[in-house]
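Have a look at this one before I ask anything.
First chain written, first letter: the chains are A, B, C and D, and each begins at residue 1.
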Amino acid sequence: MAGRNFVFVPGPSNVPDRIIRSMAVQMEDHRSPKFPKLIKEIIPGLKKLYRTEHGTPFIFPSSGTGCWEAAITNTLSPGDKVLASNFGQFSYLWIDMCQRFGLDVQGLDVEWGTGIPIEQYADILRKDTGHQIKAVLACQNETATGVASDVAAVRKALDDAKHPALLFVDCVSSLGSIEFRFDDWGVDMAVSGSQKGLMLPPGLGILCASPKALALQSTAKLPRCYFDLKDMLATNPSGYFPYTPAIPLMYGLIESLKMIEEEGLDNIIARHHYLAAGARAAAIEGWGLKLCAKEPKWYSDTITAVMVPEGFNGADVIAQAYKRYNVSLGAGLSKVAGKLFRLGHLGDMNEVHLSAGIMGAEMAMLDCGIKVKPGSGLAAASEYWRKNPQPSGLAIR
Amino acid sequence: MAGRNFVFVPGPSNVPDRIIRSMAVQMEDHRSPKFPKLIKEIIPGLKKLYRTEHGTPFIFPSSGTGCWEAAITNTLSPGDKVLASNFGQFSYLWIDMCQRFGLDVQGLDVEWGTGIPIEQYADILRKDTGHQIKAVLACQNETATGVASDVAAVRKALDDAKHPALLFVDCVSSLGSIEFRFDDWGVDMAVSGSQKGLMLPPGLGILCASPKALALQSTAKLPRCYFDLKDMLATNPSGYFPYTPAIPLMYGLIESLKMIEEEGLDNIIARHHYLAAGARAAAIEGWGLKLCAKEPKWYSDTITAVMVPEGFNGADVIAQAYKRYNVSLGAGLSKVAGKLFRLGHLGDMNEVHLSAGIMGAEMAMLDCGIKVKPGSGLAAASEYWRKNPQPSGLAIR
Amino acid sequence: MAGRNFVFVPGPSNVPDRIIRSMAVQMEDHRSPKFPKLIKEIIPGLKKLYRTEHGTPFIFPSSGTGCWEAAITNTLSPGDKVLASNFGQFSYLWIDMCQRFGLDVQGLDVEWGTGIPIEQYADILRKDTGHQIKAVLACQNETATGVASDVAAVRKALDDAKHPALLFVDCVSSLGSIEFRFDDWGVDMAVSGSQKGLMLPPGLGILCASPKALALQSTAKLPRCYFDLKDMLATNPSGYFPYTPAIPLMYGLIESLKMIEEEGLDNIIARHHYLAAGARAAAIEGWGLKLCAKEPKWYSDTITAVMVPEGFNGADVIAQAYKRYNVSLGAGLSKVAGKLFRLGHLGDMNEVHLSAGIMGAEMAMLDCGIKVKPGSGLAAASEYWRKNPQPSGLAIR
Amino acid sequence: MAGRNFVFVPGPSNVPDRIIRSMAVQMEDHRSPKFPKLIKEIIPGLKKLYRTEHGTPFIFPSSGTGCWEAAITNTLSPGDKVLASNFGQFSYLWIDMCQRFGLDVQGLDVEWGTGIPIEQYADILRKDTGHQIKAVLACQNETATGVASDVAAVRKALDDAKHPALLFVDCVSSLGSIEFRFDDWGVDMAVSGSQKGLMLPPGLGILCASPKALALQSTAKLPRCYFDLKDMLATNPSGYFPYTPAIPLMYGLIESLKMIEEEGLDNIIARHHYLAAGARAAAIEGWGLKLCAKEPKWYSDTITAVMVPEGFNGADVIAQAYKRYNVSLGAGLSKVAGKLFRLGHLGDMNEVHLSAGIMGAEMAMLDCGIKVKPGSGLAAASEYWRKNPQPSGLAIR
């Protein structure tokens, strides 16, 4: 088919050409004297990305899902109580995993379109004076609904209650795109993956563990082997791995971290906000539609989930965008299936690239009979972009 | 810098990922028994592309400019008279080359924004009863002004005058994008390059020669060696080259011809027209601006040159599009410097990809103070695209 | 550093350039309507590779180790008894994993340099009339010692004892290189990885499960989530995955399976034998050294482990080969550390490529003071190759 | 076909993976404000490579042959006398080109296997008191016979005769591999290409011109346009080109020059000598054969041409090496067709890589009935390498 496929699913995100190049490597011995150079280039960059001094990053040949598993199996035992909330497909799936591993999940059902119910968490933690709750799960950015939650506030709730529970954060679709502070927020396990803000293909699960979390390895009774941090801790410090690592992705990760360093993490976060604000302007002011995220405080800067008007099916818009315009939008999942389409704008993205996605969605909506005004999406988005300071990462120097 | 650079210069055009992949080859012996397989895969595809049965395609490690030189030095002698017209930078440069080689050029100065003056050509040819004119030069698509000319009409003028002059066509920015018929139009030398409709990087000059042109080698007195077709004719038929060919580009060319075959040349031409019509709608109906091409009959389907309003400098728009939006537009050259910007839409392109270019140009114009209505470009373009049948190459099957 | 690094570790193996190219892909939506095409191209090829009609192949973003875990956690429950034998680092590690998961391993300690003790297995199975043993583990090719075992004989022992235990095979370094017959040998779980005979980078764990093994999912009590086959079975048949798959490696796998189809699995197996026989001739006849594999029946066709003479350290040879000749040899692990070096010759390999490895090892030995005769390794290897029929995959047609 | 094709033709040479990666670039505007960065990174590296302060390097989308043409057409006029000698296919072809351009070539026929006849040159120049000779041609490394000539001595002959003729050197297969000193040797035009010591694919012609050569542009009457240095001089200094440059190769050239800088030109030259000495030891001491180069003073360090014994045909050896062992050797051309095979060892090469080529040639000779002793080639080569200091570029630090 002629022309480029434009990918606006909220991951896998676009991989910059220089990262694609960096991964086109021939194999090498992963036990050679030179191999440790790789991990030694990677770890400091990951620590900066997580904004941590005392955390320990790990990389697994896996998806982010694997690191959800690593987070719980390395710290908890069957029957342990965890506090979590379900406000989208991905926050739900982590709860489901905990249950499969025999954890006792207190899972709050929260309206989709909102995020972590801080007050409720605070209340529950305050009342849990016996400290039955061993871990609190926080999905920082719910990819299914385009909702970002306030992880710092979860930490505050824990601190206010003087509660010792571990804080586990799913930052799969936020790390490297939305502010995340491992140390400042007292995070114990932060789960991510390669295919979002890191602009890599899928295939690497990325995890950061606090000393407190690592100390629980000896008591954690959940069985584990592939995701056992012990084996990583026994080999990583000298530069090796317990089993063959995903070599090309490691070279890609080095390049990705180099790009992040070049642009600057603060600039990247500012850029994501600026681009997302344009996308929201397109949807709300341009097209006159609603977002799935109920209030501005829930707005995600990596993904915009746009509600289609009553009487229309979001899946039709997505199908039309794909079939006629070669634009991949994200679907509504589970509870919100058919009600929305999602426009991911994370990673390697700029104004005109995002314009292609907005235009694809607009033309697809019009083709489906949704009466938005032609050109209105980009009229609004471009006005936002033109009238606001451009983040430094976008300007050509 | 974050985000993709969007290239809308009228060449080099975007190279599809599968072509980039196809060229990442290790070297091989260009005199091996297997090497002839390459050229044998290439030649039939090039003949289909040129729509020729009796023409002979040649590929040189060179730019298209090199093939201009091959065309004239293999057929003409110093002092030979050629008829040509100058209506843009590239039609001018070919005339300049002829003069440097000592040819006697009758060069008609034509208003930039128009193309080959068919009536004048017809008149001159009719009057040249002594057949002093040995060759007629026709620049099918003047990249500098976005003007397409009627090559079939040039052939008709020659035929009507029963004039034996050779017909040389520069189809660098039209071959594989705009209708070109080597045999039907009685073309004798057709000059192209890799970096336009063939969607390859620059580095290959491509030429097609008629038997009539080839027969002139023995009498042509212009000196030549690198571009001597004799050496190619002595080696190509058995699959080899007189000097080391540009191997990676040959693999890229095989892939490019495969893509062209898959989409179908007629479909590709229809797609270029459809996309170009959208771009023109954006400029004329959306922004209310004029094209450099004076009349619809001159409109090029590979490149749209948009005049900026009086009092503005096209170079400022181009600079702003590049610096702020990472969009590469083509500049006004020579006579039209500062008066326009050019939007190339040839090769691997679809509606949303082109939308990025239109949006980049629109935002840059607004930033420069040109009062176009925000969103108006894509409102007009998208209405055109949505209301017209989509060429089959764009639909996902 | 100048010159190519020659990799002769027994995995990751050399990745052919066309596979490297095939993986240099831009991202796409793994939930798009076109995505199922990928897995549908992969599964039939994997089934042919495993020589199975009724087995179900799975691919995980993981290493082969992950599939060891998938094999046991999807079929067994804590306390289940498994029969295994330890005759090298990798057969040992699988036992270790079973123990970590609370299985009751009857692990036979066998002399390193030999393989699965068929008689002992037969005896134990015959005596296990209560069928306490739920699974028998077989490491077909022990990469640490260069020993291949007879999996068909294990099946026969099970059948002779009319024993219903599952048969689990680690064919990580044999699949696609050494004869493996999933159906004929009644294998229930066959574990492999991308970075050996499949000639891909590491990053994919590959598993094949029998209907009998799949039927145990409901009763298997070992906890699992990332490696839960249930989620794969719920999504794979329609072409999707429970979490983001490792997209580039899937394209690489398609290309790898295409190459295997082109050469023919039988031809590939013959080629591995032919090359390995040359390597063994170099070691035994040329250099006069011993292999770690005690008898010809244990010889592996993917990896040759060469014992260094008394008084020398294999690690010195490996270090010298790497530092001076840029040749990566495999080290002796655990019990055989220092006693040998390993030369991997699996995957994309031919006579002269292997010659580079043999020469690197020979020069390194000489540099370390081991008195082998210069040129003797390749004298013997080349005589073997020249005097034996060349497998069809190596001849240029 | 299984296994890597090993290329030992004397160009195109092996392209290191990092250079292949560097060229997998998307297109960009070659008139953008950033584009000049490319040539500005290239020129200083090329000057170091040529060891010149006052020379001006040029790069053309062409083969090296194109730069032969550039050298003569930019400096000479029809009828100008040039002194040259023919001792191989490539020195012959340059003479042929001069004749096609109407130059008056005094071409000395010298025995193939020897090189530039310094005494004869000296004599002729001394006697040419009227300075009829305008240029002296010197093919530094005759790729067809593996003969290197003494360019410094040609300069001395010119100086001794106080002769003002230009000195043109073909250093296509020597630049970046064998000592070359543009300034010290008073070279006026030095012609090279991308596909030899620069380790790039073919597609770039590389030329270096002295101020004296450049000053002749206004008087040189040979017609030229594509290869006219005037257009390059008008655009290169600001970072641009008169026509679209071969963008991917320019990125490759940047990477190549970086690799040359990293290893160090002196080290590279030493490495080529060391590897070549091993290849010669294989041929002469190991196999007991003769080289085409008659005496050690003619030995080339980039290519070894080995004479096959009477009664055998070198072409058979080459065909067998290719068909059975997938090794590409260079053929005997013209006068030496059938009498030899050529082993190129220039560019990215180390001991074990070259071993593969030596072994391929040895096995092919044996298969053809040439009675060399199995293993003897590498016995001799490896003894040379092991007993001589390894150039620093080969050692892993």
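Operating definition for what follows: a contact is a pair of C-beta atoms (placed from the backbone, for glycine too) under 8 Å apart; a residue touches a chain by one contact, two chains touch by 3 or more.
Model, not experiment: these values are computed from the prediction.
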Show which chains lie in contact with chain B and also with chain D.
A, C
Chain whose Cα centroid lies at the greatest distance from that of chain B:
C
Just the number, please: Cα centre separation of chain A and chain C in whole Å.
35
CA centre of chain C versus CA centre of chain D: separation in Å?
45
I'd like the Å distance between the centres of chain A and chain D, where a centre is the mean of that chain's Cα atoms.
53
Quick check on chain A: which residues sit in contact with 2+ other chains?
4, 14, 20-21, 24-26, 33, 322-323, 396
Contact set on chain D toward chain B in their complex:
4-5, 7, 9, 11-15, 20-21, 23-33, 60-66, 69, 78, 97, 100-102, 193, 195, 201-203, 222-228, 242-249, 319, 322-323, 328, 330-331
Within the complex, chain B is touched by chain C residues 17, 20-22, 24-26, 33-34, 396
How about chain A: which of its residues touch chain B in the complex?
1-4, 6, 14, 16, 24, 263, 268, 271, 286, 322-327, 348-353, 355-357, 359-360, 362-363, 366-367, 373-380, 382-383, 385-386, 390, 393-397
